[in-house]
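Here's the structure we're looking at; comments come further down.
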Amino acid sequence: MYTVCVRDHMMIAHSFSGAVFGPAQRMHGATYVVDVEFRRADLDENGIVVDIGRAGEILRDILGALNYRNLDAEPDFHGRNTTTEFLARTVSERLAQKIRDGHLGPSARAVQSLRVTLHESHVAWAAFEGELEAQ
Amino acid sequence: MYTVCVRDHMMIAHSFSGAVFGPAQRMHGATYVVDVEFRRADLDENGIVVDIGRAGEILRDILGALNYRNLDAEPDFHGRNTTTEFLARTVSERLAQKIRDGHLGPSARAVQSLRVTLHESHVAWAAFEGELEAQ
Amino acid sequence: MYTVCVRDHMMIAHSFSGAVFGPAQRMHGATYVVDVEFRRADLDENGIVVDIGRAGEILRDILGALNYRNLDAEPDFHGRNTTTEFLARTVSERLAQKIRDGHLGPSARAVQSLRVTLHESHVAWAAFEGELEAQ
Amino acid sequence: MYTVCVRDHMMIAHSFSGAVFGPAQRMHGATYVVDVEFRRADLDENGIVVDIGRAGEILRDILGALNYRNLDAEPDFHGRNTTTEFLARTVSERLAQKIRDGHLGPSARAVQSLRVTLHESHVAWAAFEGELEAQ
Amino acid sequence: MYTVCVRDHMMIAHSFSGAVFGPAQRMHGATYVVDVEFRRADLDENGIVVDIGRAGEILRDILGALNYRNLDAEPDFHGRNTTTEFLARTVSERLAQKIRDGHLGPSARAVQSLRVTLHESHVAWAAFEGELEAQ
Amino acid sequence: MYTVCVRDHMMIAHSFSGAVFGPAQRMHGATYVVDVEFRRADLDENGIVVDIGRAGEILRDILGALNYRNLDAEPDFHGRNTTTEFLARTVSERLAQKIRDGHLGPSARAVQSLRVTLHESHVAWAAFEGELEAQ
């Protein structure tokens, strides 16, 4: 199995609802350093998993729709806790849709699974991984 | 599949028995930077894998029982080589027991597997991963 | 010259005022991984620059007063852009005051300068350094 | 499952063929920081996955045959794009052969799978993983 | 003193002349992860050292003129060993010229010094630092 | 000013004397990831600060005399607390002596200062820097 990973980041504000979050119930924020892994069993005819340049652009677009925003005010997340885990899945699903829609090119349809990791500090991160077809 | 990871560290002394260890047969030591990953298929009702605050406290407790110690003198490890691999499993088993005992809360019983990684330097690490029920 | 550094982090929300900030004029946030360096010409009688345990606690206190907060709503920062540069100086000044007040112990009064670095992502950081007496 | 990882690096020149590579069709180069993971279900009688000293030497030998070279001029890679993905598999296959030939000692034949990761920058990496018998 | 740092990277091929370089006399390559630090005594009216967005763009332009190239074939470097040290100075001088030419805006003329670090692997880096006026 | 840095590591056991050290008064250990920076105003005729290959070998020799050892039992450190700060100076002085003795070659005598950093964990490090002639 081959994997290719690209990294980018976003800086957002949000607050959480639920006693388990303690002081994180207050409005605060995070830098998420985002790693996206693309996996497939065989390389394409160019010897690659995906076009890494395009992959980076698509990731930048997806993060751009979240970056420099207060997620509490985003209609997509109304009534949801935008935890690191939840956001990892959100980025993964949006990326899966882009691949299915052909934005990574026809060869990228052979990508089997994605793993999205959001590093929230030097001591904590969360990830979501899933088969491409299941997302 | 969702993963959440928390990081902490410990600083221990030990020595190894067996020619394969070369100079590491002498009394020496290590800083282990410890990553613990918790995995489950679905998020709980708060949108999280585990309460990351509690997870960090439990990890600190487990490492606290090893930290600033000469592991050669610990009864639990009598006659054992406390290699990085072995210690990764030790931390994982102690953590699994804490989860089964409810120290991470009732929701954390849905955690399916753990992965514990001990970074011993900038060029070497070891990990142990296992299903929670099997540990 | 000797230096000792300890690391911690905080997660805050804020917004900036001024066209130069572009999309960062919106409410957003950041994780700041904070490195504090203590510098002095000679070690104390224990062979250390500062008591690293106490230093970590004082840093945690200082960051705790900012952590999980919307800095736009903090009276201390009213009408100010809480840029990474500005916050590096804020942390440095608060730390210098703690040292002058003896919270790091009498030996720590020999600390000559501080350097505080705030890492805001994997591709950007800012720092402030100054003589202890001047802050 | 236990994993042990060792890290080393190599510095090579190459060029790619295919419009998808854009400016990387020109002669350029890369530092690859290489992580090799060895996996097995149980530890050997010394409490280890592999002899980490020997593992490091074998990795250095394998990278030494590629290091400080223009890969376009290497007969082994004639007519191939030596992408990061492709090189991850190359290193993995050469390592698997070394293990099967006994260079890591008889105990290392219990290694079940390998994963080789090549970090090409702070924002991109590629990996290949496979069962030892299948390579 | 305040510092702001931005990071980017380039991937180049080159060879060195001189017995001291050993195998690096052959055509090879490197990924250089490049950190640029801007330093000044006081913040500007916006509370910043430089416009970090513009700084990143200028760095990308400077690295873009070197990226994906064989430096042995660049007229600017004819007869020179493009060592990591040398390239750190090259990037620093080109950046200093951009600042003097006003590409970072009028406020950035208060920048007093630059430090450019090129990380060539996980175990080696080189840097050049100098006063802005002297470059 | 030019800087070149090389990295290596050592794994040692020791204990400290003095109430300020708390649990670190017990026998424990550390991995020290060691960065050595060489500084000089001008490059030599090859375009380098030092021969990085030789520099790495000398660092390995110096660390080899400490590695895999209980520092409490080393005659050189009798009655001393081998704190991170203290060890940073020790490595720096031994390196300075090697340079003065010509082990880095005649050109390296132009090195003006050294900085040695020992990273003891992901959250703490200490350094010593000094002019070469003063050590």
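A, B, C, D, E and F are the chain letters, set down in written order, and residue numbers restart from 1 in every chain.
Here is the rule we use: contacts are C-beta pairs under 8 Å (C-beta built on N, C-alpha and C of every residue); 3 or more make two chains touch, one makes a residue touch a chain.
Note that the structure is predicted; figures quoted are calculated from it, not measured.
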{"item": "Joint neighbours of chain F and chain A, given as chain labels", "value": "B, C"}
{"item": "Number of steps on the shortest touching-chain route linking chain C and chain F", "value": "1"}
{"item": "Remotest chain, chain A as reference, centres from CA atoms", "value": "F"}
{"item": "From chain C, the most remote chain by mean C-alpha position", "value": "D"}
{"item": "Intercentroid distance (Cα basis), chain C paired with chain A, Å", "value": "30"}
{"item": "For chain A paired with chain B, centre-to-centre distance based on mean C-alpha positions, whole Å", "value": "27"}
{"item": "Residues of chain F touching at least two other chains", "value": "7, 122-123"}
{"item": "Chain E residues touching chain C - in the complex, by the definition given at the top", "value": "1-8, 43, 46-49, 51-53, 56"}
{"item": "Partner chain B, residues of chain A touching it in the complex", "value": "16, 18, 20-22, 80-86, 88-89, 117, 122-130"}
{"item": "Chain D - residues contacting chain E, complex", "value": "7, 9, 11-14, 23-24, 26-33, 67-70, 73, 120-123"}
